[in-house]
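Both of the next two complexes hold chain A, though its partner changes from chain B to chain C.
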Partner chain A sequence: MTKIREAITAKVQATIPMERQIQGAHLYDKTRRWVTGTNGQKMFVESPIPPVDDLEIGEIDLSNPFLYRQGRWQSYFERLRKEAPVHYQANSPFGPFWSVTRHADIIAVDKNHDVFSAEPFIVIGVPPRFMDIEMFIAMDPPRHDLQRQAVQGVVAPKNLREMEGLIRSRVREVLDDLPVDEPFDWVQKVSVELTARMLATLLDFPYEQRRKLVQWSDLAASMEQTNGGPSDNDEVFAEMRSTVRELSALWYDKAARLAGGEEPGFDLITMLQSNENTKDLIDRPMEFLGNLTLLIVGGNDTTRNSMSGGVLALNQFPEQFEKLKANPDLIPNMVSEIIRWQTPLAYMRRIAKKDTILNGQFIREGDKVVMWYASGNRDEAVFERPDELIIDRPNARNHIAFGFGVHRCMGNRLAEMQLRILWEELLTRFEDIDVVADPEYVQSNFVRGISRLMVRLTPKATG
Partner chain B sequence: MVVGASHAGAQLAASLRQGGWKGEIVLVGDEGTLPYQRPPMSKAYLAGKNTLDQLAIRSAAFYAKQEITLLDDSVQAVDRTDGRVTLSRGGSLAYDELALCTGARVRRLAAPGADLCGVHYLRTAADVELIREAASPGRRAVIIGGGYIGLETAASLSGLGLQVSVLEATERVLGRVTAPEVSAFFDRIHREEAVDVRTKATVEELVGTDRVQGVVLAGGETVPADLVIIGIGVEPNTELAAAAGLQVDDGVVIDDHARTSDPAIVAAGDCTSHLMTRYGRRIRLESVSSATEQAKVAAATACGKSQRITALPWFWSDQYDVKLQIAGINTGYDEIVLNGDPAEGRDFTCYYLRRGELIAADCVNRPRDFMFSKQVIIRGGQVGRDELALQAVG
Partner chain C sequence: MAVVTFVSHDGDTHQAPLEEGRSLMQVATENAVPGIDGDCGGEAACGTCHVVVDPAWAERVGSSEAGEEGMLAMNPEREPTSRLSCQMVLCEAWDGLTVRLPEFQM
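The block that comes next holds the complex of A and B.
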């Protein structure tokens, strides 16, 4: 059955132009949303979330997209880690699912791809049609491995060294332009802007149009299946069509320049074009799109929210900021600690391929299993004083914000490098970065995001 | 010339260079170590979780690179007319600008037996080393004083496996600094961790033959002890300033620019007393944040720039898995608003209001509330009571 579906998909992909395919997927998604009754509807209405102790254990629903925003998540996770580390929620608006909340159990699931499949997708809800195919984050080996191999050279250490200088100069430009002594939104002016620049560097995307990458990615990630609705999937698909146009233009433009004798760059597309297995990737449009989208989406929210989260955390724990200023050598360790503390992606989802037992709970074939990295990273069995940012925490690197096993984040070194450079450059310029208003948080059960963070910078006194 | 090499002194020296001070910088300290962070002394360092090297405020390389000379000596006298200081090890040094960062020392207990072997105070790394040597698991430690330092010490020692008692003379722990509800919370937490907390326990005398064996209370009861740690507050080191004829009122009096009554001398840190307009009175603070802030301002003043001490004071305390963060100073509060329940669990915030305005907050495992409170107080404290009661948790 699946074989046939795959064969048909491959066939369709090879013959129908990419844009048309997206259109088709759009129609499909519309129909499905109509059938499943989630057509732009709010699945959750924001209402105050009760203290966890007011609930029966079975009532706890971690898929509530307001849990993070309302700041209740810590106590919810803590109770599950203590009382029901492998917990079943039978009636969520996204259907039934298991929650795995302890560090050790999460690693056990993430490592065991024979039993726990990443297919067809990795969020709790049902992904929209086009998102559920051809991204290797949602493929099992061996297909996963082949696809990942094709692109991972772009973030190999040697390539990162090539990118470092460019990334640093782009960071400097942004920081030198920031307003001082007056409040501004850190998310827009720094986190979004720098992430866009990083992704543009990675793809060698036309630099002036870099914000488009962010727009696409934001849209792709704003699906109601993670934010509980409503969101405008029509807008998403329209935007997808424009993405496709631009990315294929980028491909052909690169190919032409390469053919015209230009020095090959160290960007992703060049890399794909110079690899035997992927040099004709453009002829497999959904795969082409899937791979590029994955890198854009995968690097976008995550890096952005680590940049915002670091500033927030250092304001919540100001003695750590003092420690940092006294000892800038702590930056690399602090970067890991910030990523642990923020954990930009709350979880990845798996589906059991066969009946299995996990920490005493019987999980049936076909059950959804959600690995809550956000909880594992606050597991008191692994991290002392887990809710605190401690920039010289000796085991900060044991965090699982990048996942574990075959899917472990491909961009982890790039993200760490970007954050390290940001903090190195910040420390040489500013004495203080004060958060001056309550932050605003994203509505999502998947992305732990900060949408607005007003700060005031105090420049370093100079001679 | 900077006298006193701890939080205030180290920051002041560094900020002088940053602020463009071209001349020589001499940082005189009498502890025989690189300036180190003091708060961990009763916390992680006492618990044996880090070394003194890891706690250096700045590395030795930093001082070398910034051309800051560290002088291991103590200043005995200041001659303002000649612009010279006399050093204990002999000789004297001339200065153009003088900064006093002499900090504070522990208050001594005036009870018989307080000089017995096995009785300790806790302020310096040297103090902690002695305590750590004596703190083997199973031993009985008696802590005199239920303030932050006493309670932190209790938490660290009980973590090391000692049997710990805390003796507090008044009717509640932290009585001087927090609301009764917050005191009750810490009382409960320590009891839950098997620490024996006794309030209204006045110490009459310490007894023992060659070393301390017990603490005798006013009622006649003797609390057995292998080790006693006294944490009953500090006194500012103001003798040097007073002898030099500077104005002293509890601490060395400074203005908003960190200048003492002699405009050529600045001062910063625990040894100072500063008129804080936000609170309408002179306050001597004992906190790293204000020592650092005052030091930055003092350095600017010495470099001929004009900055003011305006930052809101804040403070923290770690005990077991409880992180208390305090924004502002609560003296003069006439109302509190609680968010969360101090009688249960381990997270809540206690907001302090004066005439309806927020002046301070004790946040227990609530960093978000802490950040929020700082913002509100800095903006003038206007906030609705319902907003405080509802304010996001976490």
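The block that comes next holds the complex of A and C.
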């Protein structure tokens, strides 16, 4: 046993150069911020956003990270869908960009990776150096395809079947411990906790430390240069170093346990280690880090905010909750409808690889093009009464929240399963889930997040 | 009446009327054939309408095109005669066509 442990320590140390790199990048970033005089200064300070009709069409700037929080987003998107479905914003804080707001146009862009490249980033802004680790969500084919093939088995339906029982029992534990008849924050106690458990299950990450996964991911996903979020670069770099250390340790620990004769699990690391192409992935640290981070970050905010969004939506449309209680078979369709209604990720960004025309607008090579899924999912041409949650909506599955084309969300079935299990288990326990205070929202132009949602549960009458 | 047949992973069969000019995905979803989602509405952009064509029919039906192939290539359950049913436009000559459904859609 000590031998194994020694081997692990030795190997972990071999990864220190990776940490050094991050340290170096951190210094670089600090210096840059000092030289440019932006150190300590926030890029974004919240101020009231005017009603959309007070603006000229060209002034509309969807990159404002407070648009969702202030509840102006619906009217902004609606005006663009009607008046300028392919719209140019010439001078946002992130530079000029095109906005695509209709469902059909978004599919046309998302499908066409020959013209619209996902490289080098899929957010509107530019991450600080070294925070731009390579992830296949931001690669074009053929590189994208190879990377995705290596990891997608872990969230493929066959593997999910193995995971379902464990995920369900972890959901039950959380729900059985919830306070009843007194207010609590659903986001912290349910959405964040369940997502942490789901990610820990996926990675077979040390279970007691699962909240770390969420902590890393939250910081990494809320940098101001990338999407207008509030996180502090110094903190992000510090977290990044601890992430690298712990994920490498996870890899070597797993390898040692496998070598020691432990049954192989159905987790991501085991899967990578048992595949010929990826068994040495740890020797390609940037790729290793990129793939793991992508799964953690990709699954984190999205799943969490669908769990919170569902409760919020059913409170805004209480007759739908009655419909659900009368017919729990609607859960799978409702899950799709909740994901449509919430649209946890507002957009993906592309760059035109050549001059092209999109719905009558001339887009130049090199232009940024942002596909606003949050708008496509409210497109009245596709969804009747689009702002309402309708749990038996016949075409709920046509939502665009998972994207389409080669980058279509890899975790879609896992997310659907996690949400289905949550609602199945909720319905057997609670008569009502009442939102008792106004929700609070995240600062970001990318993540459509709910940061606080106070609720009170009414248990089901027994007998 | 001309029909097409879907065989589920468990061996159940479902039939749908062959409507010329419509896609195999469309007739499947309109006739509530289980196991085909068709999330992108027929754009070859979601991969949730995957079917495996009976080898006896493979040649007549033809093989996948570039965009379709890109989506199929990402599917771990892909087989040699796999197609996206939204890209298969029905014609009279396909009366009696049989396709198998994968255990899961992507």
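Keep in mind that, in the parts below, the second predicted complex is superposed on the first by the 426 of 463 C-alpha atoms of A that agree within 3 Å, B and C clash if a C-alpha of one lies under 4 Å from a C-alpha of the other, contacts with A are read in each partner's own complex, and residues count from 1 in each chain.
Operating definition for what follows: a contact is a pair of C-beta atoms (placed from the backbone, for glycine too) under 8 Å apart; a residue touches a chain by one contact, two chains touch by 3 or more.
Everything quoted here is computed from the prediction, not taken from an experiment.
Asker: Quick check for you: in the superposed arrangement, does A:408 touch first (chain B), second (chain C), both or neither?
Answerer: Touch status of A:408: second partner only.
Asker: Classify the contacts of A:435 with the two partner chains as first (chain B alone), second (chain C alone), both, or neither.
Answerer: First partner only.
Asker: Answer with first, second, both or neither: which of chain B and chain C does A:153 touch in the superposed model?
Answerer: A:153: touches chain C, not chain B.
Asker: Any idea whether chain B or chain C touches more of chain A?
Answerer: B
Asker: Please work out whether A:73 is in contact with chain B alone, chain C alone, both, or neither, and reply first, second, both or neither.
Answerer: first
Asker: Counting only touches as set out at the top, which of chain B and chain C does A:460 meet: first, second, both, neither?
Answerer: In the superposition, A:460 contacts chain B only.
Asker: For A:141 in the superposed arrangement: first (chain B), second (chain C), both or neither?
Answerer: Only chain C is touched by A:141; chain B is not.
Asker: Under the definition above, what is the set of chain C residues touching chain A in their complex?
Answerer: 37-41, 43-47, 67, 70-71, 73-74, 76-77, 103-106
Asker: Would you tell me which residues of chain A are touching chain B in their complex?
Answerer: 53, 70-75, 312, 315-319, 322-323, 326-327, 329, 380, 385, 387-388, 392, 431, 435-438, 460-463
Asker: Quick check on the complex: what are the chain B residues that touch chain A?
Answerer: 15, 18-20, 37, 39, 54, 56-59, 288-289, 292, 296, 300, 305, 314, 316, 318, 321, 323, 345, 347, 365, 367-368, 370-372, 375, 392-394
Asker: Which residues, counting only chain A, touch chain C once they are in their complex?
Answerer: Of all residues in chain A, those touching chain C are 107, 110-111, 141, 145, 148-149, 152-153, 156-158, 397-399, 402, 404-406, 408, 412-413.
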